[in-house]
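There are structures below to look over.
Two complexes follow with chain A in common, the first pairing it with chain B and the second with chain C.
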Partner chain A sequence: MKKTLPWLLWLWISAVIVGAFYYAPLAQGFIGKSSRILFFHVPMAWVSFTAFIAAAVWSVLYLMKGRQESHDRAAAVAIQLGLLFGILATVTGALWARVMWGAFWNWDPRQTSILISLLFYAAYLALRGAVDDPEKRGRLSAAYALLGMVVTPFLFWVMPRLTYTLHPEPVVNANGKVEMESRMVQVLLASTFAFTILFFWMHNLHCRLQALLARKVEAQE
Partner chain B sequence: MSPLASTWAAEALAVFAKEWRCELRTRIALNTLGLFAVTTLVVAGVSLGPLGVAKAQGSALLPVLLWLILLFSVAAGLPRAFVQEEETQTATALRLCATPSALFCGKLLYALTLVAGLEVLITPLYVMIMNLQVARPGLLAAALAAGGFGLAAGSTLVAAIIAQARSKGTLFSVLSFPILLPLLILAVELTRNAVVGDPPGMALPQLLLYDASVSIFGLMLFPVVWNP
Partner chain C sequence: MNKKGYYLLGATLLLAFAGFSATAFKETLTPYVPYEMARKGDRVVQVAGALEKGSSSYVAQEESLYFTLQDPKTKENMDVRYKGLKPANFEDAISIVAIGRYDETARKFEADKLLVKCPSKYQGAEVKTYS
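Now for the complex of A and B:
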């Protein structure tokens, strides 16, 4: 399974790319073919959000289950990957904004929210870099990651409601309905699934690599 | 009051009194905070020039400047509350003397009084220098009270975190600003409403919710940060 998973994932993502360009129709009300970015931008934002939630869960586990280094490592790697996918979601969103709104950056509440959360998680990595002792690093960064969970609701639910947003409605709109052509929904779900598996695969690889590096340092000492 | 609660309250008050006693001996935080705020205010005033800003632009721009001055002044002075415990090697003694929750509340109370003092000093000066017309002074006071509480609560936990790390000065800004940014946006919105004369809208309850969440989570997370 370990050897076939990357190949299956590669096939699945290839099918998603083909589906996004040749199977799914263009959405109404969008300039040119800009709506196709939806199949990559939304899953990236979803994976970024999932990564940050997963990091919070691993941080809680670290604090409550005997402070195991593996939990701390899993939280840190999840945040690194969450940042990567978050930056990709921001860049794809900015490209789409350039086509639709005429400028890459408009300080739309959604853009502001993701930018602040990226700053927060970049600060998390800066904190980890500023503490040498592994136990202290794990403890402090777990507390900081959990503090982020307090701020996140204000960024994603409160701020977008303070001012007018030009951002299209979420996939599941305010009435709890999905108002999207069924082929678009199929490709979007397939893409979201692919990106989620990609995240967990990358996370697993990165954690194993970090564990090996830690063991190597221990052996050298 | 039960003996347990009275002991806890006594511990928190003792920490608060100790903070002020230490501060009045050195006056480092007071001088840093006050001078930084006044200097930044003067820099902002001089930069805007003798004519200042037009009234229409002022209601949009001046609340932002006020909160930026407060935010940067807090970043300059508040981290000392915990950093000095590590520098003078009194953190261990403090761990033995007070429970983490009482310690957090004592330090938070100290930060609150410091921020309130800063606001009392800076806001009238700012209103005079910038010729700011405030249509609803009561709402401005509410914005300052709720915003000041959030600044103190958010900064106290971050100060405890950075006190145990390297490059403390810069790290405080890096760690605290993303946490304080939602507060800043809500406080600016509320101050703008006070200047223009609009009702507070949803910004005031949201700001109070932010204050409550950050202080409760701060209280819950502080033992993890404080105890090795």
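Now for the complex of A and C:
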């Protein structure tokens, strides 16, 4: 099972790519084929948010379940991956903005809020880098990741809905409905699922690698 | 103070922080200024609004695009002149951001750049075929 999972995932992602370009129709009012970026940009932003939530969950586990190093490591890796997917979402968004708005970057509330989130979590990594004692580092990082649960939902979900923005309506619109063509919904859901599994797979690999490296350092000492 | 008290204090502080961010950030997070502020004309600003239907005209000799923006909240109008080519998706625009400076003598907002927001309908587009 462990060996077949990555292959199934790659097969699924390949199907999503084919679906995004050949199965889903183009959306109304978008220039050229720019609407197809939706199938990658939205799942990336979603995974970034999921990663930050997951990091908070692992941080709570670290604080409440006997300060296990594995929980601290899992939270840190989730934030690293959340940053990676967040940057990818920002870059794909900027590429789309160049086509639709005529500028890569305009300090639009959507762009500003995701940038602040990314800076917030980049500071988490800086904080970890600045503390040598593993116990202290774990505690501080966990508290910081939990503070992120106040900042992140606010910046990802609330802020862009409070102000005027050039960004298109979110997939779930202001009325709480998904007004999207059915084939688009299918591809978007399939892609979101694929990206979510990809995140947890990468997370698992990275955590195992980190654990091995830590053991190697211990053995050398 | 016991442990529960600390948790309560912490939760209250976090909520207060969230509330403060909501009010303080709202102003600073947006680059779009109200028309009233743009009319002072003292610096390059961004104004956003809906395109007033039927207000746009392109003057080929001047290579300029004239149109009127309407603030969706205050319903205030602002005449805009953009020197440049008409953006490809201009006619479909539901909302436009003009970047530039207000010209007091022409009583128009002189835009150097236009950003166009189109209706984001995630519905299948009609495929047009030309023969």
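Keep this in mind: the second predicted complex is superposed on the first by the 215 of 221 C-alpha atoms of A that agree within 3 Å, B and C clash if a C-alpha of one lies under 4 Å from a C-alpha of the other, contacts with A are read in each partner's own complex, and residues count from 1 in each chain.
Keep this in mind: a contact is a pair of C-beta atoms (placed from the backbone, for glycine too) under 8 Å apart; a residue touches a chain by one contact, two chains touch by 3 or more.
These numbers were taken from a predicted model, which means no experiment stands behind them.
Student: Putting chain B and chain C onto chain A via the overlay, clash or fit?
Tutor: On the shared chain A, the partners clash.
Student: Just checking: does A:202 make contact with chain B only, chain C only, both, or neither of them? Give me first, second, both or neither.
Tutor: Neither partner.
Student: With both complexes overlaid on chain A, does A:142 touch chain B (first), chain C (second), both or neither?
Tutor: first
Student: Please indicate which partner A:214 is in contact with in the superposed arrangement: first for chain B, second for chain C, both, or neither.
Tutor: In the superposition, A:214 contacts neither chain B nor chain C.
Student: For the three-chain arrangement built by superposition, which of chain B and chain C touches the greater number of chain A residues?
Tutor: Partner with more touched residues of chain A: C.
Student: Per the contact definition in the header, classify A:125: touching chain B only (first), chain C only (second), both, or neither.
Tutor: Once the two structures are laid over each other on A, A:125 reaches no partner at all.
Student: Tell me the contact category for A:63 with respect to chain B and chain C: first, second, both or neither.
Tutor: A:63 contacts chain B only, not chain C.
Student: Touching A:154, do we find chain B (first), chain C (second), both, or neither?
Tutor: In the superposition, A:154 contacts both chain B and chain C.
Student: Looking at the overlay, does A:95 come into contact with chain B only (first), chain C only (second), both, or neither?
Tutor: neither
Student: Could you tell me which of 112-120, 148-156 or 202-210 in chain B overlaps chain C after superposing the two complexes on chain A?
Tutor: Looking at 112-120, 148-156 or 202-210, the stretch of chain B that collides with chain C is 202-210.
Student: Where on chain A do the contacts from chain B and from chain C line up?
Tutor: 147, 150-151, 154, 158-159, 162
Student: Flag every residue of chain A that touches chain C in the complex, lowest number first.
Tutor: 25-31, 35, 38, 100-103, 106-109, 112-113, 147, 150-151, 154, 158-159, 162-164, 166, 168-169, 171, 179-181, 183-184
Student: Residues of chain C touching chain A in their complex?
Tutor: Its residues touching chain A are 14, 17-18, 21-22, 25-26, 29-32, 46, 48, 72, 87-89, 92, 95, 97, 113-125, 127.
Student: Provide the residue numbers of chain A that touch chain B in the complex, in ascending order.
Tutor: 63, 116-117, 119-120, 123, 126-127, 130-132, 135-136, 139-140, 142-144, 146-148, 150-151, 154-155, 158-159, 161-162
Student: Would you tell me which residues of chain B are touching chain A in their complex?
Tutor: Answer in residue numbers: 157, 161-162, 164-167, 171, 174-175, 177-179, 181-182, 185-186, 189, 202-203, 206, 210, 213-214, 217-218, 221, 224-225, 228.
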